[in-house]
């Protein structure tokens, strides 16, 4: 079973699948960049639709909803990685994830919210999901998003 | 015509040139770092003078002014790249651009503001300007700047 | 004298030492990641204890206290680097430092605060401490931290 198939099988255990369509870039930039084994994804978000949990955690959203939004962003990231690398077999590993959480002023549990994303990466990608992380609280995110992830990764050149 | 000359010619079409002088680092750090083909620029900003469009988009500044500030920061970035690489011939390509926009609370169109920078990169550098991007809304930036760009790039070692 | 010993000797001149214990990751992520010569640290912070100067610069904290908090985060970063690389001999150099400072609304001197970290890196690591930097003002940081550093570096594979 290829690594891609293993990831799909793990996602299926939770009733999840790689998204058929990912949120489009919000401007004139690329969805991903690959250069000499080092890759970058553009902002990964839960989505722009009404079911995408917009707003601020601790205000319009609970911490659990924020965590769910973070997991949605992570699932979209897996979809982009599979698109960028034509499957996930060439993914060597995530590197760094910077997570920004739109937050009410006195809500300080951004790490717990972002664990929704980290936990999905660790579960779906196993060893290859290991990453460092920084967490940030922002009053607002573009387009009233609740969570935005900045992700770098390592891949095996074809 | 070298790649550097091509970039200069494209900028000239818009009445632009590489800045003779770029905003200085605001502290005890380097303006750029080059390591094994991977490069980083310190914060790229529109400038610190009175003509540098300080303030918050959606408050002191309109979205169009924010977009102009983002383009000014991008032009300064081109100047730094040319300084770091002794011209732009060795630039292989931009990698990731993180754009922070000082914003009024309910102003959520940071992607449109940052397109002012992305569009200039794409225009001036063509294929080598392609980049992924993350956009952030912040209530304030250091020194009351309106836009700040964090940029990584790939270059051919000499 | 090895490079590690040189760093320890410089720190000792100021009555400092590498921390015996660093703040633990705040979630399900790694403290560091090493890949093909490029390294990342998870968020570096002054600490989570009562002596770790929580709060906002310009509000609960003075600029000088913010600067001290930034230096504490930098010292923790040195500890993590030494852990990741089994000493500092294999550190080729810091690359980029993104510094986020929890700030009162009209406090705009984040660069001066972050110089507390940059100055320690330059002092302790000399040439290998050189880095680019971006500075950000945020209303709050997770867990009410005052300073958070995001750090990448280059190292010699073993």
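Order of writing sets the labels: A, B and C. Residues in every chain begin at 1.
In this section, contacts are C-beta pairs under 8 Å (C-beta built on N, C-alpha and C of every residue); 3 or more make two chains touch, one makes a residue touch a chain.
Remember, it's a predicted structure, so these values are computed and weren't measured experimentally.
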Touch-based graph of the chains, sorted into line, ring, star, complete or other: complete
Numbering shared by both copies at the chain B-chain A contact, with half separating same from different: different
Where chain A and chain B are represented by their mean Cα positions, the distance between them in whole Å: 26
Set of chain C residues in contact with two or more other chains: 38, 98, 138-139, 152
Residue numbers on chain C that touch chain B, as the complex places them: 37-38, 92-93, 95-98, 103, 105-106, 108-112, 114-115, 118-119, 122, 130-139, 152, 154
Residue numbers on chain B that touch chain C, as the complex places them: 25-33, 35-36, 38, 40-43, 98, 100, 138-144, 148, 150, 152
